[in-house]
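What follows is a pair of complexes built around subunit A, which joins subunit B in one and subunit C in the other.
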Partner chain A sequence: MYKKAYGIIETLAPLHVGASAGEESGNLNLIFRDQFTQTGIIPGSSIRGRFRADMRQDLRQKNEGYKDYNYWYGQEAPEKGEAAENKKDTTEALVKFEYASIVWLPVYCPNQPVVWVSCPRLLKRYQKLSGKTPYTFTPHTYYGAKDNLTKLFFNLGFIRLDSSDKKLGDYIPDNLENLQSGRDLVLIVSDTEISMIHDMALYRQSRVALDANEKKAKGGAFFNVEALPEGTILTFPTAIKNKGKDDNSWQEYIVDADIEKTKELYFGGLESIGFGRTNVTLYEGLN
Partner chain B sequence: MTTTNKQDAGWYPYNLDHHAQALVIKHRDEKDVLIESHKMRMAVAYGLERFWGEHLRFEREKKEESKNKGKYWRDVWQILGKILEESDITLPDADTKVKFDDTTKIGETSSAIWKMSAETPDDYRIALTVLTQLCDSLVWWTQRYRKKDKKVKGEED
Partner chain C sequence: MSFSKAFERVGIQSSKSKASTKLEINPEEVPMMYRAQVSGRCSLQFAGNNQDLEDWRKEWVDPKLDNDPQPRYQRKEPKLGLDGSIYRIKIEFPFRLSSNCGQDSILRPIMGKNGIPYLSGSSVKGLFRRACKDSPNKLRLYCGDDDNLTPSTLGFRFHGAYPIGDWSGMRKVRVRKRGEMIMETRYRMLDVIHPQQLRQVGEKDSSPNAFAMVSLFQPTMVFEFSSADPKNTNWQEVENIFLQAIQLGVGGKTSTGYGLGGHLVDRPSEIPKYPITVAFKGRGVSPTLRSDEPEFRPNLFKATLRGHVKRLLAGVTQAGKDIEDRLFGSSSDPSQLQIFWQETAIKYDEIKKPATFSTEGILHIDIKRQESDDIKKQLEFDAQRESDLRFIEQVLMFAFVMGGFGKSWRRVSHEIFYKDYVSKKFEIGCHWELASTDLKWLAIKSIDDLKQFIEGLYTVCRDRFSSQSSSCQTWREAWNPNCVTVYASITRESNVVRLFHDEIFKKTPAIGGRTIVKKFNRKTQEEEDKEQLGFSNVWHRMLPIGNNQYLEIVTVFHSDRSKWKHRDEGDQLKPFLDAIAAKGMKYVWGNQNPLQNSSKSLPSIPTPSKTQLPLSNKPILKPKPPIQ
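Let's turn to the complex of A and B:
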């Protein structure tokens, strides 16, 4: 019924997807988090929105009256009075997106200086989406260029390491800009520790909007923001509804969306001041 | 925190907030001591060499107030030494035995700290990172617990 695929998102700048400045008075501009690991996510709606908006801006779409665009993402409801004209009724979108969760998260580590961290639960999601061999991930195992490490230090504590585990290299996506299997250090922590490590890893800033005439904060325009750091690796599932027997809808979609290779896409807020740039790669057709 | 076997693989928190809160409570009743927290946070930017030895500078002062400040700096260095010891890193003069008049010992300790940055740069960076975070916590608790000057012990309103 559905053709599945999955995507990998690598952040190239801090990424903030969550409550934005000014939308609430509490000054907490937190990112969206997964319920069980308490780690950052990008909602499916945000991913869909970006893909959809990019396709809409494609000139080919404009020239063809947004034919493909409406085909993949569904026809909007007609305005009052328009129904009588040749505007069709709403249609279901053919392409579906689910939320993106973290695969590897870079954390500052005074003796490294960066270690990419994950936990069994997050890696299991990636394993299932990507169709890789199932594997039992053991907390406090690690993999990188060195294999005689005993401790890794962080801002708020340290980890006494279990053994080095080369298998972890199979769960690092290829062709990332920042993270390379065998070169960079990756670490598994337990599902209960990841949330605390995640909080240490987040990019946090206090931000302010200045008054137009004086060098002081505009009323209320002072807020703290958190974002996923540069070099975070996330994964999301996506699917396309099958049309018939010899369905090649993924290939068609990829051509229409112009995403044959890794593509630079922007997600989330604060885009205009340097947040949100990512590389997105789609890996199609697991069944 | 796991206490069964120190060598078990796993997470070992430094418990910085806990240590910082205890330090601040210990020194809050002495006049003007807690404002040193901010100076400590400033000092870490310049490295361990500058941080160690501040308690000695205070030692030579005559005023009780200054001596109290010196005790605060000394306690912070000692706590840092204890935290690092848990992770098998040795901090020079961790028990602050060196005295202001002992020129030889001062020289030796300074050399030990410089040597640490040259020979075990990872340990040095870790010590500095932990100290920075500890000072952040000290500033936090200072802002909560610091008394207004006129209410300091021994003075009437």
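Let's turn to the complex of A and C:
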């Protein structure tokens, strides 16, 4: 019924998709987290919103009266007061998106190489989406150049490098700007450890608005924001509803959405100061 | 709730077996960045011989190899101009660039990707907003509307900036250690702040601490921008606004020249348009970094001006702190005075100890324009700025005429004026001249000119800053005619310089700055005479007046007679004044009979008598019109 595919997101700048206000009354704007691993995610709605907005901005779509746009993302409900005859009933969107989870998260620590970290649970999701062969990931195995190190330091403590596992190379997507299989160090940690390491690896920035005439903080304009760091690799599943047998609606979608293999897209907040810049690559799924 | 409990609840088991949890841990292996900022673990702020700071720096820079000590992670130069959706501009900075991340006990930049210093997009957006503030259309187009909180109509984005190549300022220098010349690696990103004010000007004989900071030395930065509609964005306009924006300075400490003067690589350098510009050339004992490397540091101009403003105000008022803070900044408000030193030439002589510099450049000075919506208030602001500018230019002349700038400014350059001395001893003093293009800036050619200039400046200070019950501070160098006497003569070579090296004079605290104190030597178990260095109460200057002639000026402060007492030979004020009179020095200004001052007496409150002073309170030298 569905033609599946998946996407890889590589962040080229810090990425902040906020958990919104309400839960936090402090002045740290948190990112949205997955409830089990407590690692950052991009909600499906944000991904869909970005793709949808991109198609809407496309001039060709505009000239054709958003025909394709409404086809893929569903007919919008008529707004109040709008003549109902011009607008059909709402329809179901044909393209579906799910949330993006981390595959590899870079952790910077002075005096040691940048290490990309993941855990079995996160890698298993990637394995399922990409249709790679199932594999049992063992915590504290690594792959890549490690510079004579036997242990790594992650902000609050040491972690041992057990044994090298070449198989991990298969779980590093190709053609990333930051991470290259074999060259850069990747490490598996256990599912219980990832949330702590994730919290240490996040990019945090104090944000302050300055007075218009003097270089000092405007009263009250001071808060903090956290974001996934530059070089984070995430993955998300997507699917297209099949219309019948031998359906190539996926290819049609790619043409209509004007997506080449890799596209630069912006997710989340603070876009005007460079946050959320990513490279998104779509891979067709198995079925 | 701990995460482990949460995992327990959802049934996630730790995959760690008990046997494999053993890990040899030595607390000394913890990187410095993650250690407590306490003595013994990692205290970074002290700039002296601080091993913690060195280790912290080493771990951050993370040298590739011993024979290639450059940072492991560096950015390569990307394609400039429009590249895909990103537009890049490459900027070179002539001096340092400082930005602060607000963490640690040291000023340091944000660590971006892989620990490479980074200037955040929000900072660049702030600059842009400042440059566009007179054009609401451009503001809305690029920065969005601040009042209605709408984003940029163009979907414009500021991606921040990063240095390309070696950002640590690594270089290898030859140093002498235990008699041998060896190569050592130095990193110029380690910068130093050395507040000297209390020691140089104030009343305390305190010894100041030097603090460490991190700033990028003459970095080449790439600034990145993008827009949602790159094809319909006027990138030329973006570039122009941006260039205009960074002329105001990027990052922190811009009032002393950090982050100023950034210019495009293939264009002539962009210089801030400041109303006071003077071209100087000078030489002297070089300021040094904490690694002993010489580096001519333009912030010494601000320090000199501030010091002289303090001395001048101290001579006419007990207050004056607010005026000084307004002009030069305090911990609560930034400085209104902006200084930029446009260096055109610099040379260090590192063989000598201490290292010396000779430099040429143009000093640019401005006072920030304050703005108000109220027209009346605006006129007041503008009038105040105008008189501040005139005052600061006079102070700059005062600094130039009476001494010099930078280290050892109270003495003439021994390299030029006491040649036999230099061959065997350390270099002392400095010498500053006007560059040939700016000779007309100062019209002092004779002793009378000097007298008029000093009198004019004192009158300005007294009339402008002194209240009715004017009184002066008891500082060593308070500029009050009762406490100071200026002598001068016209000469071709220095007649006086040898006096400062006279056996008795040089050990008189007020002349040589040296005090002899008894100190217990543990090795010999005996008390020994030790020299303690302080500041001299005498300034000595050779002011060039053309035709190979100089105005030799000696400025003597004598309010504190205790400093004039030699340990064995008694009060040296009279012998010293007799000695300089014998060398042909004439009284110019101040107290005509300093010897009448009773010993240790505090300066009496001067009662300005209008009859003695010129009636005009206008400075005799008019400032140059602002350069358009």
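Everything below uses one rule, namely that the second predicted complex is superposed on the first by the 258 of 287 C-alpha atoms of A that agree within 3 Å, B and C clash if a C-alpha of one lies under 4 Å from a C-alpha of the other, contacts with A are read in each partner's own complex, and residues count from 1 in each chain.
In the analysis below, a residue touches a chain if its C-beta (ideal position, glycine included) is under 8 Å from a C-beta of that chain, and two chains touch if they have at least 3 such contacts.
None of these values were measured; they are calculated from a predicted model.
Visitor: For the three-chain model obtained by superposing on subunit A, do subunit B and subunit C clash or fit?
Guide: Result for subunit B and subunit C: clash.
Visitor: Given the touch rule stated above, what does A:219 touch, subunit B (first), subunit C (second), both, or neither?
Guide: In the superposition, A:219 contacts neither subunit B nor subunit C.
Visitor: On subunit A, which partner touches more residues: subunit B or subunit C?
Guide: C
Visitor: With the two complexes superposed on chain A, say which partner A:140 touches: subunit B (first), subunit C (second), both, or neither.
Guide: In the superposition, A:140 contacts both subunit B and subunit C.
Visitor: Please work out whether A:155 is in contact with subunit B alone, subunit C alone, both, or neither, and reply first, second, both or neither.
Guide: both
Visitor: Where does A:110 make contact in the superposed view: on subunit B (first), on subunit C (second), on both, or on neither?
Guide: both
Visitor: Based on the superposed arrangement, let me know which partner A:65 touches: subunit B (first), subunit C (second), both, or neither?
Guide: neither
Visitor: After superposing on chain A, check 37-45, 55-63, 109-117 or 145-153 and name the one in subunit B that bumps into subunit C.
Guide: Of the candidate stretches of subunit B, subunit C runs into 37-45.
Visitor: Which residues form the common part of the subunit A surface touched by subunit B and by subunit C?
Guide: In the superposed arrangement, which is not itself an observed complex, subunit A uses residues 110-111, 139-140, 151, 153, 155-160, 162, 190 for both subunit B and subunit C.
Visitor: Please give the residue numbers of subunit C that touch subunit A in the complex, ascending.
Guide: 3-4, 6-7, 10, 12, 14-16, 20, 23-25, 29-34, 56, 58-60, 62, 72-73, 84-85, 102, 110-115, 120-122, 124-126, 130, 133, 143-144, 151-152, 155-160, 224, 226, 228, 252, 254, 333-334, 370-371
Visitor: Show which residues of subunit A lie in contact with subunit C when the two form their complex.
Guide: 13, 36, 38, 57, 108-114, 120-121, 138-140, 151, 153, 155-160, 162, 178, 190-192, 195-196, 205-207, 210, 212-216, 229-231, 264, 266, 271-275, 277
Visitor: What part of subunit A is in contact with subunit B in the complex they form?
Guide: 110-111, 139-140, 151, 153, 155-162, 189-190, 193
Visitor: Give the list of subunit B residues in touch with subunit A in this complex.
Guide: Where subunit B meets subunit A, its residues are 7-14, 16, 87-88, 122, 125-126, 128-130, 133.
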